[in-house]
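Dropping a structure here in structure tokens format, bear with me for questions.
Chain nomenclature is as follows: A, B and C, assigned in order of appearance, with residue numbering initiated at 1 for each chain independently.
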Amino acid sequence: MATHRLTNPLSDMFWRRPRVLLALLLAPPLLWLGVVYIGSLAALLLQSFFSIDEFSGLINYEFTLKTYGELLRPANYDIVLRTTLMAAAVTVASAVIAFPIAFYAARYAKGRMKAFFYLAVMLPLWSSYLVKVYAWKLILAKEGILTWAVDGIGASAALNALLSLPVIGGNSLSVSYIGTFLVFLYVWLPYMILPLQASLERVPANLLEASDDLGASRGQTLRHVILPLAMPGMIAGSIFTFSLTLGDYIIPQIVGSSRNFIGQAVYAHQGTAGNIPLAAAFAVVPIVIMGVYLWMAKRKGAFDAL
Amino acid sequence: MSARLLMTAAVTALVAAQPVLAQQTSLGKGEGQVDIVAWPGYIERGETDKSFDWVTKFEEATSCKVNVKTANTSDEMVALMNEGGFDLVTASGDASLRLIAGKRVQAINTDLIPSWGSVDDRLKNAPWHTVDGTHYGTPYMWGPNVLMYNTDVFGDTPPTSWNVVFEEMTLPDGKSNKGRVQAYDGPIHIADAAQYLMAHKPELGIKSPYELNPDQYAAALDLLRQQRGLVGRYWHDAFIQMDDFKNEGVVASGSWPFQVNILKSEGQPIASVIPQEGATGWADTTMMHADAAHPNCAYMWMEHTLSSNLQSDLSVWFGAVPSVPAACSDGRGMQTQEGCDANGLADFEKINFWTTPVSKCESQGECVPYYRWVSDYIGVIGGR
Amino acid sequence: MSFAVEFDRVARHFGQVRAVDDVSLQIAEGSFFAMLGPSGSGKTTCLRLISGFERPTAGQVRIFGDRADTLPPNRRPVNTVFQDYALFPHLSVRDNVAYGLMVRGQNKASRRDAAENMLTLVKLDGYGDRKPAQLSGGQRQRVALARALVNKPKVLLLDEPLGALDLKLREAMQDELKALQKSLGITFVFVTHDQGEALSMADTVAVFNDGKIVQLGTPEDIYQRPRTRFVADFVGSANVLPPEFCSSLDLARSWASLRAEAISLTAPGRGQVDGTLTGTRYLGAVNRLSVRVGKTELSADIPAHAPVPAPGATVGLTWDARALHRMEEG
């Protein structure tokens, strides 16, 4: 009985004032988030408003927009544009590819098929990212298995035509934008499929019946009911694919034409170059792009079905 | 670059204000361990390949356990040393001066390293570890950036000039070099272009490929823009480059003896040459942390790096040149005189060792600093 | 005569389960037809056979004489009010109502007008810009109704249309639905498990059990003259009397039903039977007495203001001989 009494005051207090317990539980993670996450973001933002002195190469700790102006120089602007276009292309393509897979999994797959689906989608996520990227480098190489397979079916003329395209082509798939695109697409696809599948599963079946009953064809139901209701999942997935592509600096370094993406530029400028302000300004670009993207998605009503 | 300026100021202050930095004068007993920051592959204990081990015997002899933390870039090394908790670092030319400037490393007493005398005379007072006559480390290993090429393609006429990677031309196999050559994916490659221009455009008056005035710099960038048309992918990682020579149809590129040796050992038709224009290169130094917790073991390790099989076997393993010339021929390890010659022993004078370009340069007062190199090289690769 | 809906020996099996088992049925044009039965009796499957969400395993479904079981749902001249309304959450009320017109390619202005008119019909004018989530249950019900009716279906199907509403609202909606059906003249087919709803709204009721129709008739038929024990039991609170009970009254030996409200209390020996009062339940307007007569337990409703004998008392029970309905089968 003695111990019973002793332990009571504290738990009684928590019962009377549940917020105290909540505050105690939340304080450590909030502190962590606040200091480490918000803190580092703020530091990054601050750095981007400094500039590097052209003459001495020293950082000038005075507020200026000059560094952001640097982003508009053709070489830097190219990087931003290149990265954004790649991220957009990867996002659109993964949405197009993920949709039928997710739709099948959400509406038709049952039991073992469903387990197989999860396994098939998740399995690539379990292996190392680097291993996958290196494997793709070998697949796409000039003397790699894809070239061999294309040769085997007698389609090398088509492949060569593809590779001779300006800008996106190259000496081989592995040194072209097409190659970079394919690897991005492969690596981030699961991040599109899973949220899309979750949102498709939440679309009530009777809404599809209602649409059918009201005279809509399959295509109309897809367009007017399924797509709008799957939009939150698609937005969630596209946030993953878009931001992951925006920030990645490994894939374009291993597969592609060595033209820099934003992540690589950040890495290069914050490294031996010591140009932290420009690196910070580059790092702010994806944040701004994502902000604009989410704002546009919201305006378009992408979150209305939430 | 800022580091160099800081360094000059800091070193002046250091030397003036603290002429007697607590430099060790005698060696005591080992402290039981030594913690080293090193490049991957630099400190091997027979775990990757049984025949490459230069740690086990040291540990047995001195009871100093060797703990290695590998770092992939010079910046990582500087960051780790700033963090502290390490005794030694194998710093390259760009990191070494920064570490001295930041007072992260201490001057060493060469008297406590009995084998100091065996160090290559060309390295004893090298500027990347000696400031105003004070030594801040023991030379570890050096090597040239060679021109690697495919012997099937070049046949009886091996390349003698870097022009195969800079100018469009028909290679001995009758096909263009377009899309079949590579270049290093780092701004330091601008120095390779500048070195090429030193030989082919003397009117530019380039004295050092790391010290370029705006005109010289612009000429180097133009050359690199021309090279962009020839290069499919720039190389960044040694293993990716080897793969590109095997699977991508790449036949010539600037490279390290490391890749050359491995590809040769795999039976690939690969050879290398230091072309007539000379080459850039790297030289690393073992430096000691200012607050090293295990100074006795650290000194013992530095002595070990010079006196044991390390110099000989590491130079084989890494395709580099020992800092102790005797290690090439006295049979302490696997290296041979021929091996040292192949890795560039005799080419020391042809090599412009890597240093960080700074705006206040010795040869002509005002030069383009390194941060510009970084952004402009990104631009060149991006097609600008 | 042409029927709105005809089932010709229709069956729908799910594996071993015969959800609909050899059902033949005609629904007259312009009628208000109820399918009544407990859950799992096959009534909803029958509705889905009409709307096209199920295809028959055997037999034919005809709508206005045309064979329908080969047509997909979107090509049938019927529309459905779904059980939980199935309103599109991302569309405004107006767009929900106009949906059927939109997918048929009607232009924006005319479908907007049609939707507004339909909203006026269901007394929801002014609600067009809201989202379904901003409406009450009764309002959603009306939107679902408007969304189906705007397409001018030849048959309107309603799946438990009032199930989710509270009692008061349900009664109001029953009247409205009935009035609406009368004014529009469209055939309404609705599914319910609530016998009160079926009896008060429909002009024809089909009682389902185990995938079959056990009785088809007017509400009065169903209520007054249940054909089987199941119907008597399911539709309202009738006493089901075993054959021996009838024999004891010197009637032909058969099952019979006798409604609780048809029985009056009288002095012992003065009614048709005597029994022992075993319990009383107060139901507001009436007291429901449980009386044991021999082996049979009878319920008798007496007005709430009438005196109630003490439990255990012997009472006499009396009723109009016509109220005792003899059933065709057990």
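Please note the rule applied: a residue touches a chain if its C-beta (ideal position, glycine included) is under 8 Å from a C-beta of that chain, and two chains touch if they have at least 3 such contacts.
Every value quoted in this text rests on a predicted model; they were computed, and no experiment measured them.
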{"item": "Most centrally placed chain, judged by C-alpha centres", "value": "A"}
{"item": "Centroid-based (C-alpha) most distant chain relative to subunit C", "value": "B"}
{"item": "Cα-centroid distance, subunit B relative to subunit C, in whole angstrom", "value": "90"}
{"item": "Rounded Å distance between subunit A and subunit C, as computed from the means of their C-alpha atoms", "value": "54"}
{"item": "For subunit A paired with subunit B, centre-to-centre distance based on mean C-alpha positions, whole Å", "value": "37"}
{"item": "Parts of subunit A lying in touch with subunit B, wherever the complex brings them together", "value": "52, 55-59, 70, 73-76, 78-79, 82, 137-138, 141-144, 170-172, 174-175, 253-254, 256-260, 264-265, 268-269, 271-275, 278"}
{"item": "Partner subunit A, residues of subunit B touching it in the complex", "value": "1-3, 5, 73-75, 94, 179-180, 185, 187, 231-234, 236-237, 240, 243-244, 246-249, 356, 358-359, 369-371, 373-376, 378-379, 381-384"}
{"item": "Residues of subunit A that touch subunit C when the two form their complex", "value": "204, 206-207, 209-217, 220, 224-225, 228-229, 301, 304-305"}
{"item": "Touching residues on subunit C, where the partner in the complex is subunit A", "value": "51-53, 72-75, 78-80, 82-84, 86-90, 99-100, 102-104, 147-148, 151"}
